[in-house]
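Just so it is clear, A, B, C, D and E label the chains in written order, and each chain counts residues from 1 on its own.
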């Protein structure tokens, strides 16, 4: 399949990067059901680390097996599969080259009293060894460890990009001046996306924002400038604007498992607002494979 | 002795690893009484560090001598012997090649007020110099130092695996949101095993879980999905499931010295639940050599 | 496009390699017109170095422009494009991800009195920067510099493979005990392919052998063992046998420009003898783009 | 199987080496039919490099397939299998841990006019990656490149031993003051074995010496001191003496394919003279697998 | 002087170490008045760092001059002289080769509020430059910095041993669960010696233990197993047992200056209990040279 104009245009936004990195970005954008559309749906599986195995996989025990997750990603035709070292290792050989891989480089867990940091769990060498197109990294803007995490991101991103790997940043605000509800507030999400862009993220992952402005200091600006925020599309449009006027690839996560219709409604809003796509974990691997593939196809059909 | 189909199958699960690492894993799985069965019994001796020499060796003073520990491992025909640098050094030459060695790379001690961390005490170079098949590392998921320990593991595991050495992870939850009884709760042990797998552990070591669910957030999941936990076998089966659907080698520790019958009962449960074996320290080296070998043989006869 | 059984089988032959390398090999084998067939056609353009620009490009001056060569490779749907540093640099960004790239790492030229060596002209870092799937290297078994070239190959191949890049070896015998006609003799070509395999080549490139046995020491063996050599297919079959019983990917070059029918005849022989494909340079870029694409399509249709 | 006194004694001769190296030497000495006897039979397959594939494998075409060679080594129960990088790579995973591997690090070929050197074709990293117990290296004492080759050996041996790998030295005199017949003369072979020992070889490989003294300067000494050289055993005894009074492991090669009875006669002489064993290539892999295994068993029965 | 059987036996306990390290250990064990006896008396001078110069040297102002300390060590015929970088530098040339040197690598001081850590003050390179046989390092098991100090020891010990230098560990418990009196309690001292051994110490230095058990968790063990602790010899015997069944060289410090008779009484106890010797600082250099030599001779006569 020949690269489309849409993909060509997206690649042109990454003008400072090497052809190697663009080649890997192209692999992601030209893969699966959404190949060539400029939209992506990514399957992320790091919930086992975050919430524990039973809470993640008991609803669909087939998903305990790492090969199942590769198969789900490949059969559904998603754009990429993101997971920590161990999950990628078990399948990287059997499914070599069948789906673009993103190695999640840090992970938090629910046992720790401290939820404002994560542990580094993989290396760029590992990502190279397993044939990944990129590395993924979470930062918690606002948290006590935000600056440390950003500095870790700086190191890893620099090393990864020097080898042609994408830097995918999960930018999840929490702590600091942010209220609990504020973690998905529009101003906070837009701010978090912008910081990821400023740190050189190739792909930015944020939560779908709510219609709330959290920081007092920001409220006046949002009001005065009449920034629309009523609909999902409005809010996605604003986040895209904050991501270099839409010139970075931004994907949105839906979070906890929800009904099919709620999810599709969100996807329509993301598409309408110009977002690049979704990252769908629990809503896919906690369903049976048949249901998951059906749902992912519906999602991708909306984006296509 | 020619590699069995069982061992061949286990090696196939480590598909992302080098032939060098698989060769070392094969050495462990093809050694001693349990060679070829896919089960392992490992003799660990780091209690001198953890509890002090008298509490560890006074019940059987012959065990103060490092050569005795090598002899015990060799004569009993266990699959491997795991100990810190100093213990391995004294015997590595005299018994070169007679039993697979695992160098324990970090250790805590009972003098420290802080029991949420351990000190690094060996290097991968040391492990190579002494002819080890792998390195061992303890993490305390949940503790204040959990993320630091995980990052140390990441460094050591990456270096070890790049040289063909196994990464054996002691995943011992404590602190954070975990209650004291929760350290052996089923949800916590399964979670700890899963995190070790995600970090690329070749072999996972956890405590035998009790019939308790500790995290509130997990209770609903365990109830709703009817995860069986009545018998030892039920619980071992769940831990294996959390370890990549049983595709990682997992061994269980019994902890403090106990009666022969209690120990054998546990072993029967581990076998029935599909666990790969036991790591038996104080229950072996605190008995006379004759009694220890007799007991280890009984254990291995159950697994065989 | 889902990986085929044929490709899966080929990847399984590279069992000692990382998933990263297999992933790059898969990219080559799953690209273009021949995707999934286990056959490849590669466009090589290093004749400018070897013979000078006019002898290479004057017959079709459009080919002086590096972008033209990318377009030819992409539009024709060949499996990969191999060229020295400079040619790849000019186009690597514009066509990022559109065709698997192989960086030719050494090149000889027609001005040098010494035709038994080549100069290193690229680095593995360059290949990474430009997003290549592999590196190419020429050895001249038999020549005065054969051992030096092999040792350069050893260094480059080791570095490339450690980063997941393929090692493609042009094994072109000359000098030493080899007569001029012997450079394409069956025994010499088979021997050269075998040496490339022994040095760890992922893909082997040799000249299509003639029906001649050149080394006196070998003649007896060929006669005694009745090794068939009458047809192109016979000879290709023998070369494949010498390449680990056909378990390495071997492509054949046709050499100088020739008639369409001669070329297709050769291709039919290669296919029948079990060869993996062709590397076609002057016969493509010295024709007009339209003619070249038509011819390459005919070739690929035979292989498909 | 518990290490024997014989093996323990052999290991004690390598007193300056690390436990890691001794552990690898122990793996070799405790493997296969001759485990524990202090004798070894090694299968070497680098003749494809030396003489070309057809001259090596056409007599038994099954041997073109690298897996066949692994199977032959494993099924016959030889002590180890030595081959260049490419041959070891194809099978290192499938047969991981089933037979001790030695990576041959340099190789010559029959196309080169210059037969006084070899090309480096593997690295110590490769040997580690594939799980080898040691590396093999050829020197040509007497040749124009002898000093260069010795210096390469010095580098590789130092790196290999620092990682616990054995250094196996093929010491094959040629050129310089040595006549063609002198290449197997007793004084020359003893001299070559001694130089390998002086360079730190763990295992020395020489040709079986003839009853000839080649160097004029040496003749007087051999006569004056009445060094016996009539029988094979006499000559082997002298070579062992030259190898640190028999305190290095020395194996003898028989060279070209010969009759079963000639080979067994040589083996009896080696055993009687105190040699450690044989390295048997063409006499095994050029026979059918059944015949080869039968012959190797006969040889090993003599040594056992 | 030919190495004695006693020294030969001690060296054999360090089986995992290089001949280079054993050679340095032999230099220490074969030097001075106690050469060949397996006992050592070491002169340590780091009290200037610990307590300040006046408290250390005012009682005998000659000792302000570093040359004086070298002369004392040489004239008294002690086994070795241990001091920080600066002290060793001033005299290392003048007295090169006259007494085995140990460079103390870290030191605390009395000005710091924090007495649970020490500063690194020398490098292994310095120790090499000055011709030392080993390096000395203090750990404070139990203290807040215990794990950090152990990790520093790991680095320095690994580097030192890789260059053939001894690792001499001052294992001085304090802080954590240890009471002030517990710093010399029998269980604590034995535990500290054991940890030093586990970390690969060549020579272990501890304080002479009192007849006290400090850790509640340990009391039961000491009572139940009837571990004798009445006499100095009993307690030394237990510490030796905790040091790999007496297979590590352990020296005892007497601490503050005391009467001649008290000191000799302690020495008799150490000898009787199987300890390897004493480390005597203030009790020597705070006396006049004549008195100090007389006292050291008396001590050594007891050990001889």
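By our rule, contacts are C-beta pairs under 8 Å (C-beta built on N, C-alpha and C of every residue); 3 or more make two chains touch, one makes a residue touch a chain.
The chain list, named the UniProt way, goes like this: A, B, C, D, E = fructose-bisphosphate aldolase.
Model, not experiment: these values are computed from the prediction.
Homomeric contact subunit A/subunit C: same residue numbering on both sides for over half of the interface positions. Chain centre most remote from that of subunit C: E (centre = mean of CA atoms). Distance between chain centres (mean CA atoms), subunit A to subunit E: 57 Å.
Centroids of subunit D and subunit E (each the mean of its C-alpha atoms) stand 49 Å apart. The centroid of the Cα atoms in subunit B and the matching centroid in subunit E are 35 Å apart. Among the residues of subunit B, those in touch with two or more other chains are 15-16, 18-19, 92-93, 129-130. Subunit A contributes residues 46, 48-49, 51-55, 58-59, 61, 64-66, 68, 84-94, 107, 109-114, 117-123, 125-126, 129-130 to its touches with subunit B in the complex.
Chain contact summary for the complex, subunit A toward subunit C: residues 2-3, 11, 18-27, 30, 74, 92-93, 96-98, 128-132, 163-164. Taken in their complex, subunit E has these residues touching subunit B: 13-17, 141-142, 144, 146-148, 150-151, 154, 158, 162, 173, 175-178, 187-188, 190-195, 197-201, 215, 217-218, 221-222, 224-225, 227, 238, 241-242, 244-245, 247.
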